[in-house]
Structure formats: structure tokens, C-alpha cells
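Each of the next two complexes has chain A plus one more chain, namely chain B in the first and chain C in the second.
On to the complex of A and B.
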């Protein structure tokens, strides 16, 4: 008996696939009822502005998850790039500092990929530990390099100002950067050999290797991509908050992972898409905004975020088992 | 010919017992760097820190032997201490501690549910759980440290029994119990089997589900106990404890010789590995490195240790 393709079935299958997303939409509706301020123009604009850094980092994280791994070092990479970029504005000028920061972030990601490859971390949990440990090292490097001091951006840093506050109405510059990255990565994932290799290597590494797909290169590539996008996100973040604290990247890795998982990508690897991650990021931003408007304390917010992460992982494994 | 064989044997032994070799190395190098390393005060201090880690490490060892890992131990440790201190004023001390331990058991059971029944990836679930517990701890204390009010508790934490600190005595009791549990009981043997290969163990008639689940419960319980001991020693409950504990304990387990592949290792090996970590932390603190450089070195060491363990397994595994 074929299932009828009607609205009711589509609705229920949407709920089943995007359960966590559905809960967040519920939260949004509840907030709209209790706090009509939610629908104000400034609030909606704020939500779109908030999308910037986290969404860029999540794009990089999605590729790592497509390949079946996780990159837990983004917190350290973001902090390191932030402090290095700001400290290099004097000698290298703004553009030079930004480029140097991005190069360093990408190199940091590539280093992790290389280490994971060399030690043959075929059991995923060991790769996670390595990225976690190196993330801690990068974070400590950031602290050492800056001496624990939060640096402020100077007065006439034009480029940073444009990235942070510039734009035309709803299209803030950070949103434009995000959309550009999104388009490039979507093309990379769906239409290139590299993108297909990543998906296949994530789905079944052994079969992929036997079929001639360079699984080793894929591992290094996804971590490098994650480092690259984390450094871009870090530059955008620094522009927005105009300071570079050595612990600026603190909760980014768990938030990025949560965003990718809420979008429906599986931790197993091999499926998912960049668009799903965008959905996840939007939902996470909405969730943060709603919790702020509802007056929930920031500690409870991190508890809720942890709960959402666990819920997303649980539903993901239920779907796979 | 014979010397080459002997040299090879020695190298293999050193490689296998990385922890002992490294410990000997550190103890040999330290007097050259800083003479106050060998004072009684420093030794006792290191012993007390190590005791807390080793208590938690026993639980984590059981989990790692069963083939998973447990990163929520930091959060459990932190929350257990806070629960104890918060309840101290209103309830007798006994009830507070029971409550904290019960929390550990509950969290362990939830971890076990997700990992074993729902087949989630242990790393991510326990990581998320640890972060969640830390958020709960922050909420309960409003991110301030809270001081304990029970004198007997503090005296237990800082007192000594027959020359050793109370905490160390407790640690030894738990260590011996865990070693015996792993070596002499059916449950212990089941843990090794489940860690070696979950499905094969299940087909052989071992209650694999129950075994792995119980391993998580034990880990949660011992992590809570470690938290109570730590709070007794410091007489404060703070939500900043346990940030790096999870990573340190898991890596100390690996350093001691219990591999993440599961199925090998024992609690005393973990104890050695964690002792090394504590000594290293203390030694680094004494050198001219500042706190951040210390963290950097520890992060690199962790990556190197797991890397070596993983490389080891890669060589042993059959390449398809």
C-alpha cells in the first residue's frame, strides 16, 4: 500500500526527521506569544547579524562530520587566530594581518589533519581525542602569545569596521561573507570530485579506499577546511566584538557540532549537506535569541544547549540502529 | 648477538611500561632543575592530587577496558562536590555524601543508556553530558565557589591516618578493590571480553549490555566519590573544577597501558599513568614555565600519548 503523498504525511515525516528542529520552532512560537518583542525589526536584524561567526565555523565543521570525524579544536583555533591577527595589525597592516591570521588557522587545521593521518586514527574516538588535545594546545598557545591580555582593536581599523558593522540594511558584510562561503562549499560538496570523495570516505572508508578514493587526503583536507573556515569565522568575530580575547573561541566547538546535528546530518558520516547545516545554525541562533528574550540565565542556557546536543545525538543513533 | 637480544628486550619492556619509564625519567631529571621537588610537603601534595585522580581513574579504567570512554567524569566530580557542600548546612553529612554518590550513579546510568542501548558514540555523548553537568553546577553556585561548613568533613579531607593522608588511604582501598574486581570476578572478566569485541562477547553468552552499562555506572560512582574527596580536601565547591580532569584521566589511563581499543589493561597501570601526570604537572609548575605554557605542554603530551597508542594499534591491526 503506497503511502499517499499529501500534506499530512509530509508534515509527520518532517517532524520525525527534524525532531529537534521542530522543538526549536515550537520554542520560537512560544516566545512570539510571550514576548512580542521577538518580531521587532531590530530583534530580527540582530538574529541575522548573530549568524555570522558561528555559521561560518559550522560550515567547516560539517565537512569534518561528512567525513565521519569531529574537529574539537576549533575553539583553540579561533582564539589563536584572533590574538595573532590583532597583534599583527601594527607590523603588517590590516589586510596583511587578516591574511596572516587565516594562513595560521588553516595551517593549524592542516597540522591536526596530518597528525590524525600519521597515527592512523581509524577508530574515530582517537582522532577526536587528538583534535581535543591539540585544540587545548592551541588555546594555551593563544594564552601564552597574548599573555592572557584581551587586546582591543584600535580606532581607525577600517577593514575590521566594515566587516563588523558594514552592509546595506539586512545584508551585513558578515552575512555576505557567509553566503559566499556557503555557495562555494555547496558547489564543492555537490559538484566536485573532492566533495564526492569526502562523502564516500565518510560513508565507508574501507570500500572507498579499495575503490581508489584518496581517503588519506580526504582526512587532511577536511581538517584543513575546518581550520580555514574557523579562521575566517574568527576574523568576523573579532570584527564584530572589536576585541581579541584569548578565550574568545570557548564554546564554539560544541555549538558548531550541535548546529550540524540539528540540521539532520548524521555523526556516522557520509550523508548530509551544507544546506542542512545552515538550517541548524538558524535554529540554534533562534534558540539563543528566544532564551535571551525569555530571561533564562546564561547557565541554564548552556544546560539547555547541552541537552539539545544530547537529544540530537540520541535521535541520530536511534535513526541509525 | 646476545647483547642485541637483551637490548631489544629492554626496549620492548620500556615501551610497554611507558609510565614507569617516564616516571623514573622525571624523578631523575627533577633534582637537577629544582631541589624543592623532593621535599616532603611537595610529595604529600602530589600524593593528594594524585589520589583524587586515581579514584576517578579506577572508574574510567573499567569503562575503557569495556571499550568506551567517559569524558563526563569532570562534570560529575564538580557537581558531586557542589551538591555535598550545598546540602551540608541542612542535612547530616552522611546524607549529603550519599546524595552526591547517588547523583554519580544516576549520571553513569544515563550515560550507559545512551552509549549501550542507543549505540551512540561514547565520546560525544559523555562530552555533552560533562558540559551539561558543568552548566548545572554553574547554575547551582552562580559561578562562585562556595565554602563548606562542616568541620568533620574538612578534618577528614586534610587529616592523616598512620602517616598517609586520609584521601590516599581511601584511594588505595578503591584501587585494590578495582584491581580485584577486574582480575578475580566474573564481572571483571566480562569487561575484558566486552572490550575485546562486543558482538563476539554477546554471542558467547556474556551479558554484554549489562556489563557495559554497569561499567558506566561504576565510573559515575567513582567520579562522584573523587569529587567528594576533592571537596573534602579543599573545603570548597566550585564550578571551575574538573575542566581538564576528564581529558587528563582518560589520557592517564591510556598512558598507563589501557588502550582505547579495549580488552587490556588494569587499574594499577592507570594509577601509575595518573601518578605520572600529577608528577608532571607539579614538575612543570616548578620550572620557569608560566601557567599557560604548562597547559600547552600538557595538551601536546596528551596528543602525543593518544597518537602513540593509536599508532600502536594501527601497526597491530590488519590492513585491508
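On to the complex of A and C.
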């Protein structure tokens, strides 16, 4: 009986830690068997292309989850930033519009952080719904501002073209943007005082506060970061699809959260890493790609995605018991 | 010979239990006589909780036999155990805070009790039988710790418990409540119920128990009738060596006034004013709820209060949050180390470094090497027993966890250390180590405010004692010139 207990714990720990990698390998192998087309250059390029906006948004969501919160507003932020940016190209020029969009999105995130603080930073369920409500407000703002009209990026929008389609072979510009964000955030999380404060605040906000960690600042910071990265993701997204629909952000929040959790980060906060989120995004993109190649309907794909998410959460709970 | 004739309600034979990396129980054998009050003592990590959890069905033993009331116990669950007449009252209680007293007592058995009327009716009878006047409709969260304990006892009685295990029953009780509890224990004893009493409070063991089992490092050292055991012998067996005294010599380093508190007012506190001198250990005594924790939290900036004027070295300091207090050189080791002091799933290293992070950061980057040095330094200097600095702090014993919190603050430049119940739930050996640490701190120029419910501790370690009652300071005493009774009287004023 003693041996069983050891083995069970070790087993779950191992699976939990390498769950994502394991799934990725499994998925790739299955798809390779049934659809050799998977390995074609154009397909692989496509997969990497797909990584763009969602991965950037997920990076921001990671920090919110590290701190023990959730940001349900990114859909609204993404939509708002999209319509605002495109509408400002004429008066402000491309760079100006992009910068304005990012500033607005970041401010939107900061505002959520501020409201969460006012209501009470220790009320995490309330924070969830605050982000949800404000996200709805931002979505509504996007619709009102754009009049419900999907704006097209005109001709000769060079910068957007570069972001959306430019690059050198496999190294698309959007991928590079993602990698830069990834490196900065990974360094932030693992090597800086700020990153450590986020993890500590997520691990135990009471004990952290009593040790002098600025937990209130952490709350505002993570929502601001989420807003910032959602904005960057939005710009990349608009560049890719060359249109700005006022509902372009739909489903991004749930996918981003799914990516973070599938990667192995726990909902309770205080653990996980940026790299895990990257793996989570890779798995989600792969799932989408592979299941498409295997001819699985999109409804079925949603079911599978949901099941994988539940599996990840279950493994997390097992590890903590 | 005598053992064979005696009626043993519980026979634990050669029980073993291991967890990854640690042997929690090593060939444990104990015979509990029916009708006895059987004490179990031992340092933290001795295996007491593990044994109790095996008895009550939470854990499964690896090997050995357990016989309860004549029946072999195998593959048991908490529910089976309860139904067989074995109840356990945990230190943290096992109650649903949002439900009523009556519902908690008969949780899951409402149908058998024929609905709420039957439930509350029976609950009322049970509570009356132990002289408890709590309303059965009151939500448990509104009850005091002592009242919750009564509910737990009533719950055990509702299962017709033949054996009740009490795990540290008096650690959160006031003196008055402890007196009430002792009456109930004697009453249960007279009813013929066997009690297993686990406690660090040796006075209580000597007062209540017929027999006592001493455990150490997962083994049973001895089981003896209490009459045949002396206090020193018990401590020696618990710790594995003789302890000359329970307390070190009182430090005498008191200097000039360092911290002056005046005009501290809040919802609970009324015009608190006092001073703390350099090199002083100031003891604060008060009943649970008297405001003592509120006072120190206000000083530390953990709670918002009105009017507080705080002066250090004559200069007024504004403290609005704990970070300000830290900057001013004040440290707080909270009462509840698990919820408020530590981040349990994090490493010893992270828990120790968390208050001194800014110092570790060159610009914004943390210096990992320095962090490791910091953790190792405290691990050695405080003799923290841990597999390593990267071990999860939740796997450490209570005393070692407390040392981690202390170590954290020793790494900051704190001159004023506030300790809220520093030795609660800590074994004799580790307590002594913490007293020595306190002595070293004041000998090196620091000052300590110590809140404690153990009068002996306060009398032995403090240079001055303040009593708090109902949000007011009711007395100031010189420990060398007063008695436990005087202090208690003042705290009850």
C-alpha cells in the first residue's frame, strides 16, 4: 500500500507536469499517421501563422492567472482597440493609430484593475465579474463607436501589411512580435522583483501583504498587462485579416484562459510559467490544425477542446490533493 | 498479566505508516483502556495526528492491526468510524460555518431525525446535557471557538461515541472556557466515555489524564499511568534529552524608550497608549477577542485605524500599510502562521526571502545566488529542520514553519519585532529554541512585543507585561513582582 501511494502521486505529478508535451506528441503522431499532409511545408507554416494573436493575448492572461484572478474582458478590449485603431489611421497615420490603439487598450486594462481594487482586491469572484461586465461595456463601446460597421484596412497600409504578412520564411513578423513579448514576459516573471511579487501575491495575498509586498499594485499591474497584450494582439489580428470588425475579439478570452490552463498553470494562482502558456497555445493551435486535417467538424473540435481543458483542471486538482 | 484482564476499548498493534520520504509511524502499539482519559503527548512531527487520522479513517495504515471495541478495524472510512462509536474533534473543527448548530450536529441525518423539528429538538437535548445554552438555530459562524467545540462534542454524543479523540482542544480557549471544558470532560468521563486527549499543554495532561502515551519521531516511547510520571521525565522522553529548564534566563537589556503609541482608536480599541523600550520584551496578555491582535495589526499598518500617533525615536511616523511598517523597521509574525504567515506550497527559500526581496534586487533583477545564501543563512542560524531550502514549507512541522517566518523578518532591518502567539502549537524543544532566539534579538539591540496566552511564558520571558481587556489597557506589571493570578484578574477586568 505504501508503494501504491508513492507511485500514484508520482504518476499524477509527472503527467501534470508534462501533460501538454505529452498531448502534443500524441496529437502529432496520430495526425502524421492519418494525414501525411500535416507535415507539408505550407501546413506547418500555417500552424505557426495561426499562433499569432491568440498567443500574444494568452501571455497577458497568464499574468492575471498567476496573480489568482481572471480577465474576461479581453474580447471587448480586442474589439475596441481594433475599431479605434483603424478609424484613427487617417488622422494619425499608421504608427500613430497603432500607438493610440495600444494606449487605449492598456488604459482599458488598467481601469479594470482599478475597479477591482476599489471593490476589494481580496474578492476574486467579484473581480471575475467586474472584468466580465467591463468587457461587455468595451464590446458595446466598440459597436457604438464603429456604428456596427466593419471597417476595411485601405490599400497601401504598409505597416499593417508587414505585420500581417511580412517576414522571412517561417519567421513571420507576427511570430517575431510574439517571441519578443514572450522573452520580455518570461524574464519579467522569473527574474524580476515584479514577477516574484506577482507570484507571491497569487500564492497567498494575505501573507504577501503582511510581508510588505504591494499586492494592490500587483492587481492593477496584471490587468494592465493583460490589456496591453490584448491590444498588441488586436493590432496583429487586424493586420492579418485586414478588417476591423466590432466583434473581432469574440472567444478570445475563453481561448486564452484555456491555453493558460492547458499549459498546466493552476487557477488558484501562485504557480505556472509563461513557457507553459506557450505550450498550451501550441497545443490548441495544433488541435485545431490536426482536427481540421482529420476532417473533424468544428462542433466536435469544441467538444474536444473542452474535454482537454477539463482534463487539465482535473490533473491540477489531483496534484494539489 | 494485568493487561489481559483489563478491558481495552482500543488496541493499536504494530501500526506503520509512511509518506513519500518520511516514516510517520514506526511500529506503534498503544492500548487504551475503556473509560480512561488517555493523554498523548509528543513534539510536532511525533506522529500523533497521523495516528489519529488512521483511527478516524482519514488515512489507511500500511500495516499492523487496530481493534476498536472488540472489532477489527480494516479499510475504514470517516463515516464508518463515526458510526462505530469513534469520534474525533479536530483542532480546526469540522463544521459547516453557514449552517445552523442543529444542522451541523445531524449533518446528513436529517431524514432519520424526521426533519428539522426532530433535528433541533434532539440537538437541544444534547446541548443541554453538556450545559451549553447556544441556540440550535444559530449559524455556526456566529459562535465563539468554545461554543463551536461544544457543538462538536454534541455531535460526537449524537453518534453515541464510546471514544472521543480531542486534538489540542484548549489551544484557542480562554481560561474561563478551559474551565468549562474541564467540567465537560469530567462529565463525559463519568458517563463512561473514553477520551484520547492530545495536547502540548502538559499541565492539562497532568490534570485530566489517567494514563499518557509519549511519542517521538513516529515511535511510542512509553505508556504509563500519570501518577508514575513526573513532568521532567515526560519532557525528557518527548524530547529525547533532559531539558534543564523550560525557559532560558530572562534577558535584561532594557534601555531608553523606542516606540511610542498614543491615541489608538478603532471599532474595538479605546484610546490605547503605551511605549516600548529598546532591548525590551513587552508581553501582552488578554483574552481572545480583547483587542491585543488588533493593537499590533494597527501598529503594523495591517488595519485602518483612527487617530493613531506613532513615534519612533521621537519622530512621528506615518504607517498606512505593512510596507510602510517594514520601512520603519517594524516586523509582524502573525498568529495564524498557515494562513497569514506562509505561502504553504512555496519553498522554504521563497518564504524566507519574501520580505527582503528589494534588497536582493540589483535594479529590477533578483539575485538568485543571494537569495540562496539568505535562505541557507537563516536555515543554519535558526536550525530549521528541512530537507533543503527548496522543500515545500507545508511539509515542515509547526515549529520549523514558525522559524521560517521569523527568519524572513530577521533578514530585514527590523528593530521592532511583533510576535503574535509565537509558540502556539509548537513542541517543547522548538519553543525553547524560539525563546533563545528572542533573547538573542534583544541582546543585539532589537525590541519585541510578544502576545501570548500562556501566562508562564509571558512571566518567564517578558521584561514588562501589559494586560488588555475589552479594547483597553487594564494593567501594567513587572513580571518579577507579580503572579499569574494577578495578571489573569487584570485581563478579565
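Operating definition for what follows: the second predicted complex is superposed on the first by the 300 of 321 C-alpha atoms of A that agree within 3 Å, B and C clash if a C-alpha of one lies under 4 Å from a C-alpha of the other, contacts with A are read in each partner's own complex, and residues count from 1 in each chain.
Following the convention adopted for this analysis, a contact is a pair of C-beta atoms (placed from the backbone, for glycine too) under 8 Å apart; a residue touches a chain by one contact, two chains touch by 3 or more.
What you see is a predicted model, and the numbers here were worked out from it, not measured in a lab.
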Quick one: classify A:148 as touching chain B (first), chain C (second), both or neither.
first
Pick one for A:254: touches chain B only (first), chain C only (second), both, or neither.
first
Have a look at where A:271 lands relative to chain B and chain C in the superposition and call it first, second, both or neither.
second
Looking only at contacts as defined up top, I'd like to know whether chain B or chain C touches more of chain A.
B
First (chain B), second (chain C), both or neither touched by A:210:
both
Which holds for A:130: it touches chain B only (first), chain C only (second), both, or neither?
first
Contacts for A:40 in the overlay, against chain B (first) and chain C (second): which applies, first, second, both or neither?
neither
Under the contact rule defined above, give the chain A residues that sit at the interface with chain B and also at the interface with chain C.
206, 209-210, 320
Would you tell me which residues of chain A are touching chain B in their complex?
70, 115, 118-130, 132-141, 143-144, 148, 206, 209-210, 254, 257, 267, 297, 299-303, 305-307, 309-310, 313-314, 316-318, 320-321
Chain A touches which residues of chain B in the complex?
69, 114, 118-125, 127-129, 131-132, 134-136, 138-139, 142-143, 244, 247, 250-251, 260-261, 290, 292-296, 298-300, 302-303, 306-311, 313-314, 317, 320
Chain C partner contacts - residues on chain A that touch it in the complex
1-2, 5-6, 9-10, 191-194, 196-197, 200, 203-204, 206-214, 270-271, 320
Complex contacts: residues of chain C adjacent to chain A
18-20, 60, 62, 300, 302, 321-323, 325-327, 332, 334, 339-346, 350, 354-355, 357-358, 360-361, 364-366, 408
